[in-house]
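The first chain written gets the first letter, and so on, giving A, B, C, D, E and F; residue counts start at 1 in each chain.
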Amino acid sequence: MKLALATWVEVEDYLKDNDGIIVPIGSTEQHGPTGLIGTDFIIAQGIAEACAEQLGCYVAPPLAVGMAQHHMAFPGSMTLHPATYIQVLVDWITSLSKHGFRRIYFINGHGGNIAPTLTAFNEFYAGVSLKPETEESKTLCALASWWTMPNTDALIRDIFAEKDGAHATASEIAITQYLCPESIKPAAPDLFVAAAGTPLDIHNGYDYRRRFKDGRIGSDVRAANPEDGGRVFKQAVKDITEHCTKFFQS
Amino acid sequence: MKLALATWVEVEDYLKDNDGIIVPIGSTEQHGPTGLIGTDFIIAQGIAEACAEQLGCYVAPPLAVGMAQHHMAFPGSMTLHPATYIQVLVDWITSLSKHGFRRIYFINGHGGNIAPTLTAFNEFYAGVSLKPETEESKTLCALASWWTMPNTDALIRDIFAEKDGAHATASEIAITQYLCPESIKPAAPDLFVAAAGTPLDIHNGYDYRRRFKDGRIGSDVRAANPEDGGRVFKQAVKDITEHCTKFFQS
Amino acid sequence: MKLALATWVEVEDYLKDNDGIIVPIGSTEQHGPTGLIGTDFIIAQGIAEACAEQLGCYVAPPLAVGMAQHHMAFPGSMTLHPATYIQVLVDWITSLSKHGFRRIYFINGHGGNIAPTLTAFNEFYAGVSLKPETEESKTLCALASWWTMPNTDALIRDIFAEKDGAHATASEIAITQYLCPESIKPAAPDLFVAAAGTPLDIHNGYDYRRRFKDGRIGSDVRAANPEDGGRVFKQAVKDITEHCTKFFQS
Amino acid sequence: MKLALATWVEVEDYLKDNDGIIVPIGSTEQHGPTGLIGTDFIIAQGIAEACAEQLGCYVAPPLAVGMAQHHMAFPGSMTLHPATYIQVLVDWITSLSKHGFRRIYFINGHGGNIAPTLTAFNEFYAGVSLKPETEESKTLCALASWWTMPNTDALIRDIFAEKDGAHATASEIAITQYLCPESIKPAAPDLFVAAAGTPLDIHNGYDYRRRFKDGRIGSDVRAANPEDGGRVFKQAVKDITEHCTKFFQS
Amino acid sequence: MKLALATWVEVEDYLKDNDGIIVPIGSTEQHGPTGLIGTDFIIAQGIAEACAEQLGCYVAPPLAVGMAQHHMAFPGSMTLHPATYIQVLVDWITSLSKHGFRRIYFINGHGGNIAPTLTAFNEFYAGVSLKPETEESKTLCALASWWTMPNTDALIRDIFAEKDGAHATASEIAITQYLCPESIKPAAPDLFVAAAGTPLDIHNGYDYRRRFKDGRIGSDVRAANPEDGGRVFKQAVKDITEHCTKFFQS
Amino acid sequence: MKLALATWVEVEDYLKDNDGIIVPIGSTEQHGPTGLIGTDFIIAQGIAEACAEQLGCYVAPPLAVGMAQHHMAFPGSMTLHPATYIQVLVDWITSLSKHGFRRIYFINGHGGNIAPTLTAFNEFYAGVSLKPETEESKTLCALASWWTMPNTDALIRDIFAEKDGAHATASEIAITQYLCPESIKPAAPDLFVAAAGTPLDIHNGYDYRRRFKDGRIGSDVRAANPEDGGRVFKQAVKDITEHCTKFFQS
């Protein structure tokens, strides 16, 4: 159920017996010459809405622009400063907590969001922990980055092996091909291999572009196809639905 | 053209001959017992994408959560603090400006966003004005709230007259009925008339709910229907396309 | 009654039966080659003190430096960043609210202050709306920009017609001539007409000066004189006193 | 010369041969049952304008609301958070520096402003020191609290001796009697002596009021009179004019 | 070489041929009934100084108070808000970068610091990425949490196996016993096993204490001893020295 | 007693009968060609730990990096922006106050910390004063800069007279020689005398280095020796222990 398509009266009813909600978070950033700039939020939103359908819970609108400072040397990328990102998530959590949502589950589509999202949780919690206890101490948050769910990760390795890469991966491009069949772009002709450096060595945008010239990190996008994208998508929905169920019951 | 469905290479090409972009901004907030919580960003996004189609320009993803503190006494509403909202818009503008977008046109679906959006423009501009001049002084922003365009406003008055109201208006509900026909909710049985106060007297959320008990301000939602919604929508697209064209050429 | 000339004991007494206060807000910014840099706060303070006299209420000291980033290419202009401006007003409101002032009425002399002032109100209100209800939810704010009061506006149009312009207007210069007769400057010899652009197209300071070379926007300051200034001033005091009375009684 | 009564053209001329400006800073806070709430900015403004007259330099409008959190248990007191105060002063300094003012001299009327003012200078300087050198490194600030000037302090001790006290002092009340003869209040009948604690032991507002019940700290306001106020005022103007002259020439 | 024990002249010489520096970061927080409150920064500082000795590079003073909001229900714990933590690290990085340090290597002793540290790096980088390129784009940061180095982790598993736990671990207590032999506390009598929840389920401080009653998470501190502490410490120094060497050469 | 070497159970016990704690604050900044970069926090920490020993109270870890923007033109100096510094101290105070520490005594080793520390106290207090009263109003802070204690100051004048200077003083170098005998550096060959300016005239880092070329302000470091350092250190410990005792009992 999309929060955006509900009325406040319906939400008020829901909160009598439920206190869980899903929030998709992604990014608007370059995904190489083949991947869509919206890849990260499109996938997060797609998975989140499918999970919410299965769970019978509400799903908030996606956070479309995330923390992507390292992609700013590629046109079309947008970013929040991490400090802004944190404040945004604190405001979202505070808003939902005010109404009585006590389990807020973030489904994430972008690696660069992980650290600031966890930091945002702690910023919200710090506001709780440093003051006398109130009802707000019952509001708990969880984060699930879809590609890190063990079964999903195993399936990706099984299908794409070393062609998947670390940014603008074959798997995420395949999922967007599945979700947005009208926006499939021609694959870049070959595998871009960075001259040096590993995915962990991500610093500022200038440094990134110097090392990863077309934006990809080690991905062979010729391996992407809508069918495999659909398989990974469904596995991720299954994995995350189970994970979220446990969180809502905790 | 949706920025989310482009690649960075396509955006780089676009920027050789163009420097305009459209950004839809809305809100996630109660719209009375009949209106959708996502009304404001759904309409802004709908209009923005239609305008971008006509203009052949890019449209960014929508800002789905805006400044809606006054609706926080109704479940499901979400808000950014105004200070957060400003920082978000400054970050979006700074990101786009970094790539060479010099005309950034915001299409707005929520009255409560007007003041903080203009304030965000000035926050960005203050960063320019207080320092030695750089290229960034060429980046200009404009704001269009769809219901304030003269011809659109006239059409709304013509169709809905005094039934339109000031929040959760008949016209905005009609547009969402047109855009989301699968989510038409039963109309509230009557016109809610606030016991006292006018639309200009909006303060905090507790005060709001005391005065406007079901969330609406003076709107008779029984007047809303998808056909009239479509008429208003198309007029707004036409008006804003013209207005944006002038801005892009300025 | 000026707050600055009272003792705390007198204010304590006042608050037993009253909860209203007036706050003048202005700007320190260029007003063309003829207008005073202090025009906006001088007028706001003048009107505010006259209204307070009639209402028997307290008037705070003026906010002399406002949001004037767009005037920063003209020497002598001073500005707060909008984010600073908001925090200042939130602190002023919080201070007054702490003592029990429940109706805080801002009389404004500067167009550039309107959006950030409304945004500041919402920042204060957001602090109320996102937390459990306290006494602070009774503290309400209102804004009146003197030249927008209908009767005042009508009188200006009647006296100055199209010579008034949009910045460094004949009417505001006339009022400062009335209030500060010892500081009447020689009028600029002619009407400066901007080569292009309208008053709504205000962006950063560099852009402003390029388009409005001597600082004025379309005003013919030769029309200003102390007598007409006095007429407009008195009308504004009358209009705002009535408006404020309603707010204090709401 | 008041900046508020100048035009930008006059300021532009001034800056060809001068780069100094005076800024008065004060507070809006309780000064016991006899002293005016505006005491601190009224005196700072009075001295600043007299000094500027002698120096032939511009004087900015006063900062009327300063850092007075410790007085917030007394009605009518207003305060900025120190963090806000700092940002305000940084914005003022940045504005003036943008135009080429290189010597900014703050005349202060309130003890509670000293630490945050010096901190604000350092916040502005930190922005300079942590970046490559620009013209802004030439902009220097100085602070003078009138009652700390050696000759002024000696005169106060000579006239009021131990009756002066540490807050709502006889000398500052005397100066306001000199500057605002129409607002002389009846003196509190006796010397309020705090049961315990010294002027250095100032903490939060609740603690302050518990220890200093009527707001004064050790002052016998019966000693205040306009004549002595005038003597102290003139001495302060003389001392500060000399001090400022050196700073402008440094 | 400790930065604190150098002179600026020595640092100036060092920077002619070197651009690397080590920064230890830890926390001041409860470590169960047996562990020291300073455990995290004591270990980080110890390892950092030993590594710097081997590398011949400078080591900054430790960040002693980190992000520990979740421990605030246990007396003696201190925390920075994550937003403060980020600003502190940005200021430290900016300071070092100003002098020409281009490789800044953080050795971390506290799990709760990981997300905010990476976020702080991105906040610093965002300042670089959103502006025209300067020398600052050459300043790169890296993070090493000592217990995550593969060989160190293997040794811990080898020595302590499942008795290590997840907070107030046997291994970290053993290291502090090795480094601070005069402060060895009696071991808690048994293994505290949380009734429910896993180490990943850390939220606010109230929730933490409810679930982990004596502060430990699954650690059997009876297994800790100085000898094993020394072995782990030396392995960590070896691992991190190698890791840092690669970073300095990158 | 060092907080870092205690367990939370010990702190819980301590708080049953005590509510005082000492916090050393210093700086990491150039101290001329002879003085150690860590001088200010090394001395503050040394004195604080000695005082805590005598008082039987806890001492927190030192704040090693303070407000030193004016030293940033000398390699190795580190600084927090004053705004960051304030937020750090507010977080430290808030953490300690949460546990029931009601008297927090800061022992300071750096002149540049004085204004921002007092400002931080007021920022914490403002949070108390602007809200309804809570237990937090009982938390009071005090600041002692060791070289300003009257007897310590007298001893310094007695030993070093005019050779002490105002930065990188002979006395502080002597104390570090006493505390860190293995890090005694050769004395700069002569007394550096600034061509112009006084210690009070400290602005940004560029200006500082222009005027005080080797970092010192008027100090003849040849006068420093460990014996005299020990004498001053012991006097400071004695003075501050007495001062702190009174504060803890207030």
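Observations
Convention: a contact is a pair of C-beta atoms (placed from the backbone, for glycine too) under 8 Å apart; a residue touches a chain by one contact, two chains touch by 3 or more.
None of these values were measured; they are calculated from a predicted model.
Taking only C-alpha atoms, you rotate subunit C by 120 degrees to land it on subunit F; that is to the nearest 5. Distance between chain centres (mean CA atoms), subunit A to subunit F: 46 Å.
Between the Cα centres of subunit A and subunit B there is a gap of 25 Å. Subunit D has its Cα centroid 53 Å from the Cα centroid of subunit A. For subunit C, the set of residues touching two or more other chains reads 72, 79, 81, 83, 87, 95, 98, 130.
Chain-to-chain contact here is organised irregularly, matching neither a line nor a ring nor a star, and falling short of all pairs touching. Contact annotation for chain pairs lists A-B, A-C, A-E, A-F, B-C, B-D, B-E, C-D, C-F, D-E, D-F, E-F, with touch applied as defined.
On subunit C, the positions that touch subunit A within their shared complex are 130-132. Within the complex formed with subunit B, the subunit C residues making contact are 67, 69-70, 72-73, 79, 81-83, 86-87, 112, 114-116, 118-123, 125-126, 128-130, 133, 137, 140-141, 197, 201, 203-207, 250. Put simply, subunit C touches subunit D in their complex at residues 2-12, 15, 28, 30-38, 41-42, 58, 60-62, 64-65, 72, 74-81, 83-84, 87-88, 91-92, 95-96, 98-100, 180, 183, 185, 215. Residue ranges of subunit B in contact with subunit E, taken from their complex: 94-95, 98, 134.
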